[in-house]
Every structure is written in structure tokens, then in C-alpha cells.
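Letters are used for the chains, namely A, B, C and D, taken in the order the chains are written, and counting of residues starts over at 1 for each.
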Amino acid sequence: MNLYISRGDLTRWLDQLCRERILLAPVRVQELTLFQPVSKVEEITLDFGNTTLSPKGWFLPPTEALFSVQDNDGQSQLVSSIIEKDAVIFGLRPCDAKGIALMDGPFLREPSDTPYQERRARTSLIGLSCRQAQPECFCTSMGSAPNDSSHVDILLTEIENGYIAQVITKKGKALLPKALVKSEEALPSPPELQTVPVKEITLAVRELFNDPYWEQLADRCLHCNVCAYVCPTCYCFDMRDYSNKENLERVRSWDSCQSIGFSRIAGGYNPRTTKGARLRQRFAHKLLYFPEEFQQDIACVGCGRCIKSCPVNIDIRETMSDLKRLEVKGGS
Amino acid sequence: MVLKNPFIPYLATLKSAVDLTPDVKLLKVELKNPTERASFNYKPGQFALLSAFGEGEAPFGMVSLPQHGDGLEFAVRRIGTVTRALHELEPGDVLGVRGPFGNYFPLENYVGKNMVIIGGGIGMAPLRPVINQILEQRDDYQDLLIINGARTPQDLVFAPEFKTWMKTPRTKLELTVDRGNEQWGGRVALVPDVVKKLAPSPDNAITITCGPPIMIHYTLAVLRELGFKDNQIVTTLEAKMKCGLGKCARCNVGDKYVCQDGPVFTLAQISQFLEQP
Amino acid sequence: MSSEYHPKIIGFLCNWCSYAGADMAGTSRMSYPSNIRIIRVPCSGRVDPILLIKCFQQGADGVLVSGCHPGDCHYNEGNYHARRKFALLCDFLDYVGIGKERLRIEWVSASEGQRFVDKVSNFTKEMAKLGPRSES
Amino acid sequence: MDSELIQQIRNQARSLLESGEVKGIIGYERASDGLTARPFFAYEPAAVERLIFDETCTHNLTKYLLNKKTEKMAVVVKPCDSRTINLLLNEKQIRRDMVFVMGVACPGVVETSWNHKDGTLQARCKICQLVEPLVYDFLARHEAVERPQGEPYRDVQEMETKSVTERKDFWVEQFERCIRCYACRQVCPGCYCPECFVEQLDPLWVGIRIAPKENELWQIMRAFHLAGRCIGCDECEHVCPVNIPLSLLNHKLEKEVKELFDFQAGLNPEEQPPLTTFKKEERLGFEE
């Protein structure tokens, strides 16, 4: 059931939300757009293609304390940290919402990752459908769409004098201001997007696993962590303890398979030393292991952030079409 | 109902820390909470993630058997920051235990077989519970050949138990070192060469090999030459581990998670792996 | 004096000269403010800039690095290298907002107990005047 | 897009590959946005047709020499990049006989990012005095190149006029955005430590927390480890996904090193780097 929200109603609604809950929304920071907690509605910007970093940073923060060890009278007691208020992410694109849904696979599978699961349960998603595509977008090829409403609680679509709100879940319904009038207007058609050859890419990666293509592609790769950190579906993490003065915490932080020490074990043995093997790990995990492990789509939502941020332009669309071409040719 | 945070370890106290070699300690650990202690059931080959609070966590195979009482035993070689912190613990100190994780050596499938147990250095640790389990049901198994190698004589792990192993019927213990010293009268050779010389027969036999990756690599090659089929060759894979829950994708070799699909694999499985370890 | 702020100061003293100078000050009953926590290092050349930044990050209000007079270094050129490194570092820490006046480099030889006491007292007074460093 | 320049590069590359003098050519090719350039490795003569050179070739390709040490490679080098060749020779990281330097009389490079190219020269080109690389085995050159002679370190001087607290607030805000992706380190030819201090666990200098204090420690020490070594190619700032003005840090140290020790990195491969030597009589502002 679609509702109509005027621009004024939207501002008043967001103003109410940011007082009751943690409201994460796109904020302009120099030339970047980042999801940040906002205290005033004026900080929010709606003029952006997609944010620089994905909203995954709220569910799997760059750094979080999994639990802290507190010594009360000699007995150490492990207390896991919790977020203080319910949260709302406003203005996330449908591709990012799908990214979060994909990450639910590994994190909510038994035994559920409670820090992630708690944030997921206490956060509502208000999506904003895309009115025009960016050159690096290819979400329609990856099972999402500029107006895909399947992974958000409410999807807003902009029309000339306001927004149409598609209410998807009960959580969304409870969030909406009450006095909203129904909207009979038809939803505008989504922008057209390029298509990327993705059919049976999983098979192609399996076939070409030991093909020299990976070493050639890795020649120009710098093995920084940009692609993994900007990506909405990369979720590898590292864990270590931190103690300063009295409190001691077990901290979890982002990590990436591109860093040299990612698979090195104490004593120095490292099964994955060549550049090609490290770069292949990223594509193999997204295009082969993840779909086979979670019987879902590929762990890529077509947001194009890795294409936009890679210092040496390793373009996942190009990699996929290379793999398809090589598979037909039977290897390079 | 509030789900339990899977990253929070069971709290445990260190009961005893015995030096097995200059850089390996046998830590005996007991979970504080009685219900947790009772529910912590495990089999040879499984591992736990030990927390040295203030440093971090690292995976160690249990070297004790559950039926031998509540204490969990781990052989910890001092090789990094977490292991150093574990070595600095004194009896009575608190540490964390998470697990048990991973699959195990399916000893019940090996009943009636000749067992060849090959351990290198600290690799002997996960094999000790296997040997002790076989000794407890000695008649269920045919001949038992144990080949235990180490860099130097003082690096041989579980030396005090060699006598009991050797005294058991139809059991042979072959020791070897890379570099001997004056007191050492035994064999000085690399483990793969010893296996080649002893040439155990592959008929109705199962081999289990653990040790440094380089030793496993060459030993498995020798076993194949001796006629052992890939499904008769069992080994464990070492990998970097953080969560132990199949989430952080740290320990995956190809599409397999060593923390959940392993650490115990047969060579038949490993040869099908996309990515060779 | 009590209402004044009591700064936390970290002192990296080179083992052969400044640490010996501090010892001499102690044995000849000279007193100097106790705000300074002394860390003995083999040579002023050993002091890695990362140590200084960590001191400031963990709440130090001032850091003093004291080595042998150039030319007297037990290792011949340790303090020469240190001199160049700290000449660069002082400006750079000021540039990134840690403040040049909070880092002091001194040369104190093993026999200059009084000089050590003067240097530490002046530095402590200055830091007290500057007040706490607002660690965000 | 100077097709004469490109043809010279392609011809030289083809003859190098056909003669077998080098195993491969490290150059530039058109990126997947059809607008900017990206690094490209050519191993067969046929592949040289993909080599290009224009105002979007901003990457410093000498970084790739560090993982091709066992085979002789040719590398396309701008005048600023040639200074990193001198730096790496001075620090014994590459051998001169293992590198064929294909120099380019550089018309200057422009600000680029994915699918975006604006007309203005990069800041480093506006102050660049080198028209030709300092070291080359072959020089691709076309029309004469002149560039506006800007005055260096103006950005640093402007920052120096601010008060300490203003600078602190500025840098705290910048460092907070850092996500520790280490692209600035991975792109820099001067950063080649086998294990970077930021990843060492024993001693734990920094730690894995991506948080303001750890970020500040990382950024300050990264810049300081490049003091007297950074040649100012500004690629670290160019690749930063969250736009932290890293060149402001490096240029400050570059200016200090020039004023204190009268030294500029990468000009002369034989000259002793400033922090590895000293002059007994210098005071450097420390009273005796």
C-alpha cells in the first residue's frame, strides 16, 4: 500500500526520528557522502548518487568491542556491549539494502553473531530509490534494481512535489507518521542500466581457478584494502584484545584478504603468498564460495564502489566478462 | 530469549603448566562453571580457541580425552603473542576457552585397521589423544606404528609417555630427530625418510599425519609411493583462525572452512580442494 | 603552588650521560619536581618518534628527551642522528597540532647534575603554566 | 592525447620485447571508463598497441619494480617518477641493470578520478621544474613542454599560519575519516617494508582498532618514515578513498628537509639521504 509524503512531512518525520532514535543519513563531508548519525535534519543531503562507504559500517562497524572483561572483586565477568537506542538508516539505496540482506547469511547463521544480530533487529531501513544511474552502477545484473523494495522496511521514491512511500514491513508501518494520505499515483519507471554477463559466473570461476589470468590481473593490483572496505558485502574481520589501564576489550575490526598477513599463521607459514592467489580469493569468495555456501545470489550487488575507488581500476564487471570469455576459449 | 554471544569464551582456571620441551608447555585447564564443564564434550582432533585476555585468541587441539576427567589439556608451543601470554600464566590464573570446534578423527571407522600415526614436532600434540584412545581399546585395532620426529631430542613431545606406548602389545614407537646430540643414541633422519625406510604396509591400514606443513607435504608423497590410497591418508590442516564459527572467512582453503569442515581431512578430500593448502 | 596544575611529564634519558646526571643529582641531594617519569634508553638516538606520539596520546603533558652533548656520545654518532631527527620531528608535531613547546630536547652530561635539575624544573614549570593538553 | 608521443613509446616497447631485452613493459593503458588511464603490463609485442600516454597517466609505476626484481622490466617514467628511480637505487631496492627506463617528456597530468577528468594541471605539475626525467634509457619527446612555474609549498605555508589548536582540530577531523585501507602505503614506492610497523603485533605499536588515536599514530608515522625520501608525486592523496589531504603532511616534511639539510629526495642517487648522515658542527636550533 503506497502513501504520499510531502517534503515538509518528510522533514518533520526525520526531525522526530532523529530525536527518538539514532538516525543515520547521508551527510556531505567535503566532496564525499557518508552515512553519519545526524542530530539536525539540515545535515542530511539527498543530492548524491551513492554514498562513498556502504551502510554495512553500522552493522559491522570498522571497529567494535565484542565484549569487555570487567574485574568485579577478582571475578572477571564478560559483558558484551550493546547499542543504547534503536536506529534508523535513512536514504540507503536498494543495492545496499540487498548487501545487508546478503550479509545476514553468514552472520545470522547458527550460532548467530549477536552484536550484528542485535543491531540488525533494532535498526529500521528507509530506502531511497535511485532516479538516475551512475556510470559504475550495474545492480539490475546482480539481482537488485534502482526501485527494488524487497530488503527495506520503507522505500521512498521521489516525485515532483514529494515522495511515494511503499510500506514493506510491519517495522516500517510502525515507524511512519500516522496522518499520511494514500497515493494512487503510479511509481515512476526506474532508469535503464548496462547489463553485465553474470550467468554461470560461478562455474567460470571454478573452471578457471588455476588459470594464469589471476596472476596477470594481479600484476597491477596494489593489494590495498580499499575494495573490501568500500564494498557492502565484504565482511572479513580480525579480532584482538585491547587493554588500557582498567578496561580490557576483545575488539573486532575490518580486515581484507588482500593484506599480506591475512592468512599467515604464527611461525610464518602463509598458504597464500602470491599476488594472484590473494586477488583471486576476493573474487572467488564473492562469485563462487558465497553463492555455493548460502544458496543465494552472488555476493556483489552491483553498486560499483570498488570500481570507483580502486586506485588501479580493477573492474569487477571487466573481470566477470574476462572470465566468461576465457571459459568459452578454455583458459588463457 | 537472549541469544548467547558466541564470541564470549567460557571462563577457565589454569590448573597446571608442565614443561614438555623448552618451548612447549602442557596446560591443564578447568572450566569454572560446572554446567559448562559437563557440557564440554569433545573427540580427538577437535580444537578450542584459547583466550589469553589482553592478547587475543588462538586455536589449540585438545590433547586430553574427555573420559579422563574434567581437565582439558593443551600442548602450547611458544611461537607468537598469544602463546607467549599463555606461557606466562601461572596456576590459578584465568583464561578463556571457546569451543569445541571442528570435526574429529573418526576412530570408530578405523576399527580393525592397522594404524600408522606420524607426528612431527608439536604436530604430535593432536595425535596423543588418538594414541591414548587406541590404547584404551587396544583390541579394536590391529598393529599400531607410531613415528614421532622432532628437530632435536629435547623437542620430542610427550616423552614421559613413550614407555607406556612401547609397552603396549603390537605397538611400535619409532623416534627420530633432525639433529641429534651426545646423549641421543637413536635415529637421526627426517620423518619422510624414516617413513620410506620403515615402509609400513598399506593393506587394511590408516595413516594419520600431523606436523609442520612442509613435513606433511613430503610425508604424504612418501605414503602415496608406498601404495596408500588417498582415503587411507588422514591429516590436519593448520590455518589462521579468528572466529571459529565459519563467519570471518579467515581459515578458508578454497571453498572449505578449516574451522568447520576441518581441521581433519583425508588426502582424497584435499586433492579435490580448489585451492591447494 | 598546590592550586597550579601538576603536569605529567615523561623523560627519555640516555643511559650513559643524562641518566647518570640524574643519578648524580640524586646522590648529591639535589631535588627536582617529581612530575617526571624517567625512561632509560641506551642513547638519545634510540628514541623512536612513535614513542613520543604514544606518550602524548596516553596523556603526557610534556616529553623531555635528554642525551649526551653532541661529540660525547658513547656510540659516537647516536645523538648526531637524534639531533637531525628531532629537529624535523619538533616542527612536524607542531604542524599536526601536538604543539612544539611540549617536546623538549636537552643535552646533559653525566657530571651535570645541577644542569639536569634546572632543565627538569624549568620544563615542569612551563608545562604547569601551559596547563593540561586537551587530548580529544 | 599526443599520438606522436604514444607511437614513440609503442615502437620502443615493441623493439624491447622483440629483442627479448626485457621480460615486460610496465606502462599505461586506457581504463574501463574510456576516459582515464590505468597501469598496464605488456609481455608480448602484440600487446604494445594498448600502451598510451596522456594527461591522465598519474600513477607512479616505479612501485611495481619492487615485486619484479628477478626479471628485467621496462617502465614508463614521468620526470617526477624518475626521482623515485633514484630513490630506489639509492636505497638499493632495485638494480639499474635490471630496469630499462622509458622516459617521457611529460606535458603534466591533470586531476582525475573514476570516469572524471578535469582540465586543470595537478598541483605537483604546477610547481614541477623537470621537463625531462633525470634518468632514462630512452626518451619519448614531442613538442616542447613548458609549464607555469608555480611557487612550491604554498599549501604548507598557508597551513603553518594557522594556530596549533586550529591545526589540531583540522587534522583530528581528517584522521577520523581514515579507514586504514593502506592504499596510501601500497601505492607509494617509498613504502616497501616487509612488515609495516602498523601491522606488527610484537611490539604492538598501533593495533587493529580503526579509531582516531590509532589513525593519528598511523598517519603521522607514515609521513615521518618518508621524511627526506618522498619526492612529492602525491599519489597517496590521489588514491585515498576518503580524500584525506596526505600531501599536506609529506610536503611539510619535504620543506623542512630542504630548509634544514638542503636536500631534495631523488635528485641524485649517490647523495647520502639526510637522516642517515649528519654534520658535526650543525646546531639545528638546539643550543649547546
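In the analysis below, contacts are C-beta pairs under 8 Å (C-beta built on N, C-alpha and C of every residue); 3 or more make two chains touch, one makes a residue touch a chain.
All of these numbers come straight from a predicted model, not from anything done at the bench.
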Ranking A-B and C-D by C-beta pairs in contact puts on top A-B
When centres are defined as mean Cα positions, the distance from subunit A to subunit B in whole Å is 39
Expressed in whole Å, how far the mean CA point of subunit A lies from that of subunit C is 48
Subunit C to subunit D, mean C-alpha position gap in Å, rounds to 36
When centres are defined as mean Cα positions, the distance from subunit A to subunit D in whole Å is 32
Going by residue number, subunit A touches two or more other chains at 238, 240, 255
Where subunit D touches two or more other chains simultaneously, the residues are 201
Pairs of chains in contact here are A-B, A-D, B-D, C-D
Seen from subunit D, its contact residues with subunit B in the complex are 201-202, 204
As the complex stands, subunit B meets subunit A at residues 3-9, 11, 51-58, 79-80, 82-83, 94, 96, 212-213, 238-240, 242-243, 245-250, 252-255, 274-275, 277
Given the complex, residues on subunit A that touch subunit D span 29-32, 34, 52-53, 62-63, 135-136, 216, 219-220, 222-226, 229-230, 238, 240, 242, 251, 253-256, 259, 261, 275, 307-309, 311-313, 315, 317-318
Seen from subunit C, its contact residues with subunit D in the complex are 49-50, 53-54, 57, 69-71, 77, 80-81, 83-99, 105, 107, 136
Note: in the complex, subunit D contacts subunit A through residues 31-33, 36, 38-41, 59, 63-64, 67, 113-115, 177, 179-183, 185-187, 195, 199, 201, 207-211, 235, 238-239, 241-243
